[in-house]
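One chain, subunit A, appears in both complexes that follow, with subunit B as partner in the first and subunit C in the second.
Moving on to the complex of A and B:
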């Protein structure tokens, strides 16, 4: 889900944790309990250009194009905040615990004991269409006549692709307990099946547990009556037999009672024989040959090797000699055709020997979970939802937005209203999907404070964005305060002072205001807006005019002789980016864009996206206003200086390849 | 709210609904808007498709239907909901015992319906986001905080649980939104801003 421009992502500092120099990188995390008001890193910089200096001090500007940053950037509402660690927590820094299981279709809870015994699928009437995965509805066949008294046979019907269970010849007697009915029907009545390709039995250890167990309800009977075996088992029974067999095998062959996989995973996963075999591959190569040789025939004495299932009663399934031929003949027959074959997507959710559309069985809906979330480092609970599946409330919910200012970006439209962050609707707004290069865009960055303490914020950004497309960025007022998120009624009751401020700001929006350096643009009760000036850079491989202008302006070596440049023009000048990308080989999908490679003219994927890394550092005095804030950090007085710093990335828009 | 010129694009009602003059609303007496609802231009709202006793009794005369209350409601929309341009709201219908009848469409608060989306759901909860050109099939149920991605086709009768993101055709659950979803001002919590900006 990529977002429309403009957007703001926050970087979770956990991606930097394994950096070799922790003393430096500590700054991108929080130094929570700093009683000393003197910060070791004063935001004030002696030189004039604050951004550049900040960048040098940081010595590692966050690069939104770096491949790593993909894993650390999150939309603000997905981040949590740990009050013990005083850190932003992204989905990678938390552990999850299942609170309850529920069916997403009927929204009934399934007890976890039942999930363990019956599998994680809805045991009621909820099924998905095997052809298209849409939910199936229970409908009666006696619909047409309107005779209300007689309840006809029932079928499962898909409202999306019009598949019904009639297609596989299944009707139900009553509209309840479909799952058990279906199980009974498929258990016995599907002997008519022609196909049987149970090839996966070759390596049962690796496959059967994952495939068969999940689709326990789906079963297809094979008719290999010509085998001399006792009646061939349907997959359900076969699975049970195999499971039983291997459980016994494990019990017999397991030498170490402290198997790490243990009984938690059930027999199928904790095969010490398999584990021993794998381990011996790496430890002693001398054993390797003997083990490989002796696996099937005779177990070696030293490590008790598990044997595989040998008879049908143990779960072995031998396909009939003509099984493949039968399938092929059925495939080429006229009544099958292409439409009669199940697609790969359909077969992945079916029993292993389902090859034709007639083999498809309705899929019981997979259950979903509600999960509580804990901080990985301190085990503090961050999110704890209500237990009931239908409830949307939380008992505990420590989201980052309650602690860090919510950033919102929007283009500054001349003559538009100031005020809270808004979705721009004016036609005067610049088209963010095609920003003209080298033309200054003014943007309003609003930070809204949700804490009950006023916050002092310092913003820093590299004066030129990293990467080949060098866009110039200036934050006109990099240091400002945001008011506390006090009660709205306080403000209303206080009347004069805040009201004046508001009135002035409101008035300021009405006439055309000019962005001034060093002044905040607008300010409200708990939010502050500052202006960003952005000069989008030119894209490599743009028009010749663009390149010339860049060369004149910056003297940068955009690369290539005139002829090469003209060649680049021919490809990319009049086309859009997509065809440009298609036409040229050797794209750098790493997102780095640093090394132009053999074709410097070429625009790398997403290189035209203008993203600005901004370093946010916030300080606030946490005093005893509310309970949330006084958990740990209180030292001597009633106020504690807190500091939190992180990177955020502002997605401004896409740069137009052409200079207008 | 500065008073607009008399012939603005939007008609603002007493309860703060902003309704485009270019929207197509049928059967207004069967539609309830909760206030501060925005209906943009060329949106189609079919309040005329309500459950009528006549249509049901004509085919199945022996059944005594529950007598419909005098103004039967076809569509209910909650506060701060936003119906974008060219979106279509249609009450769901179902063939029940041979009778094709309509059921009311209930839309909660802070719901966003994207451009050219077609909604035939039975229930749309609060803070639901329906992307542009999405189709929500008949009798579907979107619980609170559900998100339907752009262009998704929610199959008829599907239930989308809370906090779930569905996408594709037919729609499947493809993810979940974060815990901070629908916090005021963040993603999913922009309904008031959206309302403020309409008609300016």
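Moving on to the complex of A and C:
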């Protein structure tokens, strides 16, 4: 909840419908139903009198404070809409597919096969600064060294922190293929003696084409290793050696073909899907038992023991006996100091033994992906970007805001039109970060329709917000219509009459315009504004004192009510509300004279945030797209009545702990 | 710089009337006394925008080839300001402390007891940076946009203060140091630029003779020279302010 007040979030209905149900989908296609079948009828709100249906809907009231609701609340612009299911889709109810990999720096697409073999970093000239992560530029030094045009040594230079590859003593002969040049430089320097077999290794993610090659490589490598034992492997070669070693170990130790380790690790060890299978290993107990030698069922022959890497050729790295001492000596020396040590952030993406700033190598830029998104239940494509990385267009993009009205909330400033608060009236605007409790605030809720059909909207809200801080909420006009998103010119052409009328009502009756129950505040081409009346409740710091005083008189125990957790975990919501309702009048008027000192230890985090759950139900007539082909003549029967209902949460502001 | 005050170059009156009127509108002081004009010594080859402001009681001197962008404010209330050769002072830079507001008439202290601001040659000061009295900035330093150099700071040659970084009072930055990074969780960091031949394990194993890190800095200074040449045509005052 990091947005500034006031904000509006929508709750994706998927929180209440855990499993996508194909039958429900079919039903909704024929006659669109309410999205959550747990709420069979929407709350009927007759003219702002919500007391009765609040009791009906009490157990279904969306609680913005419950721990679960965090996962279903999204800003409206982040939601998608499935035209097949007629439902809002949040990031939890879609699946994503990678369309392409590309480098954000050079916008070159990388084929996914190459990503698999070479790793997900740009293979060309794009690098980030190892010191400060700013992008590095390939620059020439020809100006200084006096070489010819486009000649001379090239370096990578950071424009921000002025790091260059000369800081680590590297320069390049040509300005292209920097990555391979850099690889050759670092590789030949680190493992010169044994680099013969590993020069063809481009990255730790690369794999051998066949098993034979792999064995051949390891055998020749081991010979080399025998010859030059103390030569250290560079980290990438060491990783490759370790990987080979364990692959062989797994192949050898998994004797039986039914052993899950065999096919899982041996074949698909390097494939990205292996992780799923590995994870499923730990979830299923039968596999787990077989992993540990099958203790429960038939005792197998003694499982072969996997050994660890023993030699340098297998990837074992034994640091030199004085390695630690030399590092410490280097740290202590004057030319290193604190600034010469690489920070944790810098070491994250570097070789594991890079301890000093001089050890840092430029980092190739991480690739990014473009993804298409599908509805999880009906596989309908919701978002499909263009394939080219250079293009920012979308072929398909069904965002929710083109189907549901966009809610915006703003305080109603008396004496000015809400949209344009003048300088004089801005002082009258309530401070949303410190709302005085028990003082009525009027808010304007605007719903803007982006559909081409007019929509009838019914709003419902519990009269008292759930949670310990009970704020009273009244929607003055809970049922209204929003016009269709017709041609923009319609409003402009009609603008003379409407504008005059509005101007007179605004200009003349600037101070006379008062929110009335049952009447829409303002209305435009495709938007409607209604007034919400909110009485913020008092914070438990204040109520506790009052409550204690009240209950001391009655001799009741107070600990249970004041120290329990918010949000009704374990405690049902209406109990909470009921007790707060009881406590509120006791504080409200009798506690006026006391000093309600803020007691932050009793206030849960964010409990002072005033959030109003509002149930939105919209009805509209839309063209029946299924029957459109058969019926040529357009009639009224072509239109289908649709409805959509969802919860939305309006964040009004923070309640001031002090009663003013 | 004091002997040069004899050849005190008189700026055109239009420039001064404008600057004083600007300052009076900017700081509406109740006292009718005009803001004190600082005794300014400007080398003939320097380029000063006509909306730059020079206020204060102590002398201000600007060296050859230096460019002062529009709306730069140079205050010498607390001590003299000495700007060397071939510097670039960008827009809205504030050098020196603005006049103390309660007593708009600053005490006419003698130049000897003021704390000077010394900016050596080939220094670049980015837009909206601020440099407070007592700063001593050596040659070829880069102070980027919105950086803040507090009082009595000494910055060594070829150092760089990256954008938005703040150098605390009485700090001494060594030569070739880069101060960078800002924000929560990461904080300010320092780094020493390589100026000589670096013998990293990579280059020694490679067996190649690497270049000195200094060449990058030389290339930068050459680019800076070209930038100054272009700027002197752009920034130069339009009407009669050309002092060449």
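Operating definition for what follows: the second predicted complex is superposed on the first by the 384 of 660 C-alpha atoms of A that agree within 3 Å, B and C clash if a C-alpha of one lies under 4 Å from a C-alpha of the other, contacts with A are read in each partner's own complex, and residues count from 1 in each chain.
As a convention for this text, a residue touches a chain if its C-beta (ideal position, glycine included) is under 8 Å from a C-beta of that chain, and two chains touch if they have at least 3 such contacts.
Because the structure is predicted, anything quoted here is derived from the model rather than measured.
Once the two complexes are overlaid on the shared chain, A:132 sits against subunit B and subunit C alike. Considering which of subunit B and subunit C touches more of subunit A, the answer is B. When the shared chain is aligned, no partner comes close enough to touch A:412: not subunit B, not subunit C. Within the superposed three-chain model, A:339 lies in touch with subunit C and out of touch with subunit B [touch as defined at top]. In the superposition on chain A, no contact is made by A:241 with either subunit B or subunit C.
Residue contacts after overlaying the shared chain place A:167 against subunit C, while subunit B stays out of touching range. In the superposition on chain A, no contact is made by A:12 with either subunit B or subunit C.
Of the two partner chains, subunit C is the only one touched by A:155; subunit B is not. In the superposition on chain A, the residues of subunit A touched by subunit B in one structure and by subunit C in the other are 132, 143-145, 160-161.
Here subunit A touches subunit C in the complex through residues 131-132, 139, 141, 143-145, 153, 155, 157, 160-164, 166-171, 185-186, 188-190, 192, 339-340, 343, 345, 357-359, going by the rule given at the top.
Across the complex, subunit A is touched by residues 59-60, 63, 95, 97-99, 137-138, 143-145, 149, 153, 155-165, 170-173, 175, 177-181, 183, 185-188, 190, 193-194, 196-198, 200 of subunit B.
Contacts from subunit C toward subunit A in the complex involve residues 160, 162, 177-178, 180-181, 186, 189-194, 197-206, 210-213, 215-216, 218-219, 222. By the touch criterion given at the top, residues 1, 3, 74-80, 102, 104-107, 129, 132-135, 137, 143-146, 148, 158-161, 368, 373, 383, 389-390, 392, 394, 397, 399-401, 406, 408, 417, 420-426, 448 of subunit A touch subunit B in their complex.
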